[in-house]
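All remarks here apply to the structure that follows.
Going by the order they are written in, the chains are A, B, C and D; count residues from 1 in each one.
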Amino acid sequence: MTTRMLNIAMIGHGFMGRAHSNAFHQAGHFFDLPYTLRRKVICGRNQQAVAEMAARWGWDETANDWRAVVDRKDIDVIDIGTPNALHAEIAIAAAKAGKIIWCEKPLAMNGPQAAQMAEAAKKVPNLVWFNYRRVPAIALAKQLIDEGKIGQVYQYRAAYLQSWGADPARTGVWRFNKSDAGSGAMGDLLTHIVDLAHFLNGPLSELNALVHTFAPGREVDDAAIFTGRFANGGIGTFEVTRFAIGMKNRNRFEIHGSKGALSFNLEELNHLLYYDATLPADQQGWMDIMVTGPGHPYTANFWPAGHIIGYEHTFIATLADFLTALASGAEFHANFEDGLKVQQVMDAVEKSSETRNWVKL
Amino acid sequence: MTTRMLNIAMIGHGFMGRAHSNAFHQAGHFFDLPYTLRRKVICGRNQQAVAEMAARWGWDETANDWRAVVDRKDIDVIDIGTPNALHAEIAIAAAKAGKIIWCEKPLAMNGPQAAQMAEAAKKVPNLVWFNYRRVPAIALAKQLIDEGKIGQVYQYRAAYLQSWGADPARTGVWRFNKSDAGSGAMGDLLTHIVDLAHFLNGPLSELNALVHTFAPGREVDDAAIFTGRFANGGIGTFEVTRFAIGMKNRNRFEIHGSKGALSFNLEELNHLLYYDATLPADQQGWMDIMVTGPGHPYTANFWPAGHIIGYEHTFIATLADFLTALASGAEFHANFEDGLKVQQVMDAVEKSSETRNWVKL
Amino acid sequence: MTTRMLNIAMIGHGFMGRAHSNAFHQAGHFFDLPYTLRRKVICGRNQQAVAEMAARWGWDETANDWRAVVDRKDIDVIDIGTPNALHAEIAIAAAKAGKIIWCEKPLAMNGPQAAQMAEAAKKVPNLVWFNYRRVPAIALAKQLIDEGKIGQVYQYRAAYLQSWGADPARTGVWRFNKSDAGSGAMGDLLTHIVDLAHFLNGPLSELNALVHTFAPGREVDDAAIFTGRFANGGIGTFEVTRFAIGMKNRNRFEIHGSKGALSFNLEELNHLLYYDATLPADQQGWMDIMVTGPGHPYTANFWPAGHIIGYEHTFIATLADFLTALASGAEFHANFEDGLKVQQVMDAVEKSSETRNWVKL
Amino acid sequence: MTTRMLNIAMIGHGFMGRAHSNAFHQAGHFFDLPYTLRRKVICGRNQQAVAEMAARWGWDETANDWRAVVDRKDIDVIDIGTPNALHAEIAIAAAKAGKIIWCEKPLAMNGPQAAQMAEAAKKVPNLVWFNYRRVPAIALAKQLIDEGKIGQVYQYRAAYLQSWGADPARTGVWRFNKSDAGSGAMGDLLTHIVDLAHFLNGPLSELNALVHTFAPGREVDDAAIFTGRFANGGIGTFEVTRFAIGMKNRNRFEIHGSKGALSFNLEELNHLLYYDATLPADQQGWMDIMVTGPGHPYTANFWPAGHIIGYEHTFIATLADFLTALASGAEFHANFEDGLKVQQVMDAVEKSSETRNWVKL
């Protein structure tokens, strides 16, 4: 098999730049890819940091003007890992230039901006890095739900709890600046769990939110909570916070259906808890499935059963799925349309909190 | 020491009648009580069931007219374990008769009724069976909070999740009748976790609720969720449901403060999880305290360290504390005033859900 | 139904005296007993302690000469809860007097003594308080094993880990005196887990042991470990210790069979973990069965599903089963024959450790 | 900084070939290495498999004669990942050729062979892939032990439980052939946990073992258990098995000292449980430290706190430490001397099981 080369330009070089670079290296080691990936150019404002990053992660070139990069004919993919405020402009330019676009979440600063991006990206293959869809345990959860194993979903309970923002005096982080980040826990964390809810349980129909900032003077939200109704008749709660002392990265959900239930926690991402309520009553319980194979999504690509994977592998699996879909012409999710749907929920959350009213979706 | 005898009349003979009878038997075995308890009369409509109950649990007499029982001169205590709709009338009559009153939760069908009861009971010693305050792990949580161990509380997250109502076709249970129960998961479960929140974190200042019934035609709520603000500046979420497949009796909370955090689950009631954020960063973690002694509340009265107690012991410890307070003249909680405060929250939850608005408390 | 009265005399008034007294009170509350139990006389050397105990737990009389008690015509049952050294003499006298005998574990100081006791007790109903056989989760484990759910057992791994003896300077406890206790962790803890192994997996055929005392000058063992082979072809490890800092009462086992596995821990006695290896490979996992009903052994007698029981309930269920068997003439286990089998293993453990050789059983 | 290039030749291309190749790729991404690694040649008998492996993992060349590879002047490192039977011959040849040697465990087929290898390797830098020493949680355990946090160690309890061999009919795996593997669970699993015991608790002084094969006709052991004494006065149990249905990769230990205790399980490798027995009695418990930073060994090199790593990262950290030590001239462990010590324990285990006697070390 001869594989076409894809030249990647990555805009951004922080935490996500690292996670993406790693995926670009590793995807071909673990998956049979229909494309060869070339780490062509890494672009950012801080030239020294970009240079160090290029050296460490094997980028051919560095650049500091993303517009020039987008204009380059030899670039196939624009990967966007900048602060949120830049996503739209870069993505729209990239779309105009006919590039494949991979964009970090949150897709945009708000719904209308996301809509513009989704519109612009209609003609090009696109992806939003909602990488948690490809946690093997979450992919297994999706599979069990689609097979009807948990029946009609009554209740969906999601939370993404972190503590790194819990020092009210902490400043100097771009994620705390409204102009860069747009929002706080909402854009960073709530988008993840709303996308997972869309993936696992479908759209919300209305919600009622409380958005709160604990740290005096901080421009963005520290916590956001909402209660909602799903189109499928279920009800749900969503909570995100950077003030949950004791929680490092607890992205968790519990889903209760008529036939069973599921529970997941990102800090133990190699596990899915499954409750099968169709078993004899005396032999029911929460089954802790160690989702490392055999037979689980993605796991045959990594290590033998019982040998766990980590955070970074979710990016690798996402990338592999995208490339496979790209080669076959299949639809890929999460894409900009999915990112837009999440952004519309964010807007509703903001509006609900401001107006202190329920908001329809 | 000579101890005064207290003659008890118990109105009701269901699940709670059993839990109370057990406590009346056991309190003196485990605690040094300033009173001797006599199980004098058990009263209920179903004479055969009452007779069986009396025989099994050692009640001297049976009766079927609670009014006659309340009028008896030889009765010191009226213990109310009837369906909720009867609490007010019995309690008010008992108060008029000068009896000590012990009443199951929810105290009343609504706030105004609870206010009448609290007013009537001002002159007599009274108790509401919010037994979970005396789970040793919860008493330890209270102690740690009062000592300032977790600092200023930012977030309070409580849920009481059960599944026994999750069959939409199930009927024939008094807890599903509005006229008997007043409400569903709200009165049964939400009252418990709101009382615990009052105990551990103080009063709420406002809330926004969603009350929902899944089972077509069922008169009472199957689930209730609310988001709220506490007077101390914290925010909170509360959720109760009888539709949480997989959860048998999961009454849990997580409390995040500026210096630490606490986590509890009633299904593992011998444990309290404590996170001390003042330790060196590399030696922080959730500490699983097995709250069976040494040094933990109530545990010296039961079994040696590591020998767990069960659900029933919470009633025993509640009763022992009440009697000790009664003898010394100390204030006891949870009393009717506490029950009233919970009921006012219930009314706010109902109003919020109906009006789809935030309600101040 | 008229029920015959059984007059009980209890010799001993320590921790076990308390656990037994509680069971004598509670068995009739939770089970339909074919006998009425009367706490007739409690006997011990420390008259003040005995008197206090009698007052608290409702014993009609006190005594200080066990021989006189055994000779009383009005006594039906001799319940032995003394230090181990006295078990044999009391039990043999009680057997001669035709009494029903209930004896604490370890049954005896050694195998030959246990054999004498078992021989003497052949003509009377008898019980050894191996109460953990009646933990609902262990009874469920037995049931699953008997149904063939875990297939042929390959490996059996048991440990009973405590820490209360871990202060080498601690003295003044009868359990540390060889003349009173006979042994240390062996008699106290190893007997429990060997009896459970006999119950769940049948007899051992040979073993190799290490018995160790950490505390200088302490007369009894602090820890005992052995490796063994079972008659059914499986292999096993057993470990007991009073020096396991961090472990309060961790009596646990893991059993691996050809079709599944089981895991249990006494500190979480309301749970049994079950692994069903006959399920599809991608849907296998450790299932945490909350053994509180519906459908689990004993649980319908206690509280509704999800309302946990504690340590004391294991004595209650043991007593109820004994009385039911007594009324029907059915065989009851664990009896003195079972206690003898355990004692023979203890002797083999001691011999193996002393001779540093494998010992056949 | 200019860094010297190290040309690596890897002999073997199975599971370990994959794990090593990954480490060779990734070490420089996560650590500041004093050397640049070049994946020069991969060598194996199955030319097609080797070619595929080379293509996927970026090896410059392939070869099928390891002797020719060892003779090459341009090779700096020989990395041995072949079946165990070949380790000695390759390693000794590589040592003679002055190469740096990295060898998979078990180092050798037996102690004398290991001694020859250790002797031969004295003049060259060498490493045994006991990668679990670099699990961050285990490195933290070592650090806490060295700081005296758990005091004098009384008991050490280790097990490595797998189930992949539990089908007695399974054949056709080189790990089941005595001529290739030398032993079964012993070489594969027991070596790992004995090395960890040496690392964390020092040398054993004597042991008594049971080695067992369940599968009729299988040449190697399926399980091995031993009880031992440590030079530091503690006692220990070790168990490995491929017949532990329900266990995928449960490499775990519990260590009880006079001041505290530690517990670890490889399936949850991002966690260390720590019990501090010097805290107030009512605030003691097992603390679940999520060893993902801040301040934990290796974690700053990987991802932000709460973002877990997987199995493969242990090889990366091992390699980074080796290279750092190589550059500075510091001693590196685990080296061939460490591998020899483990092998001597293996020989003692075998001898003890065969002679049914204790064996001194």
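Convention: a contact is a pair of C-beta atoms (placed from the backbone, for glycine too) under 8 Å apart; a residue touches a chain by one contact, two chains touch by 3 or more.
The shown structure was predicted, so the numbers you read here are calculated from the model rather than taken from an experiment.
Participant: When I count C-beta pairs in contact, which pair ends up with more: A-D or B-D?
Facilitator: Of A-D and B-D, it is A-D that has more C-beta pairs in contact.
Participant: Can you spot which of A-B, A-C or B-C is a repeat of the C-D interface, where more than half the contact pairs line up?
Facilitator: A-B
Participant: Taking the mean of the CA coordinates per chain, how far is subunit A from subunit D in Å?
Facilitator: 35
Participant: Between subunit B and subunit D, what's the gap in Å when you average each chain's C-alpha atoms?
Facilitator: The answer is 54 Å.
Participant: Which subunit D residues touch at least two other chains?
Facilitator: Expected reply: 247, 286, 290.
Participant: Under the stated contact criterion, what part of subunit D meets subunit B in this complex?
Facilitator: 140, 274, 280-290, 293-296
Participant: Which bits of subunit B are touching subunit C when the two form their complex?
Facilitator: Interface residues on subunit B, with respect to subunit C: 15, 19, 21-22, 25-26, 28-29, 56-57, 162, 164, 247-250, 267-270, 290, 292, 302-313.
Participant: So in the complex, which bits of subunit D are touching subunit C?
Facilitator: Answer in residue numbers: 150, 154-155, 157, 159, 163, 166, 208, 210, 212, 214, 223, 225-227, 229, 235, 237, 239, 241, 243-247, 254, 256-261, 263, 275, 277, 286, 356-358.
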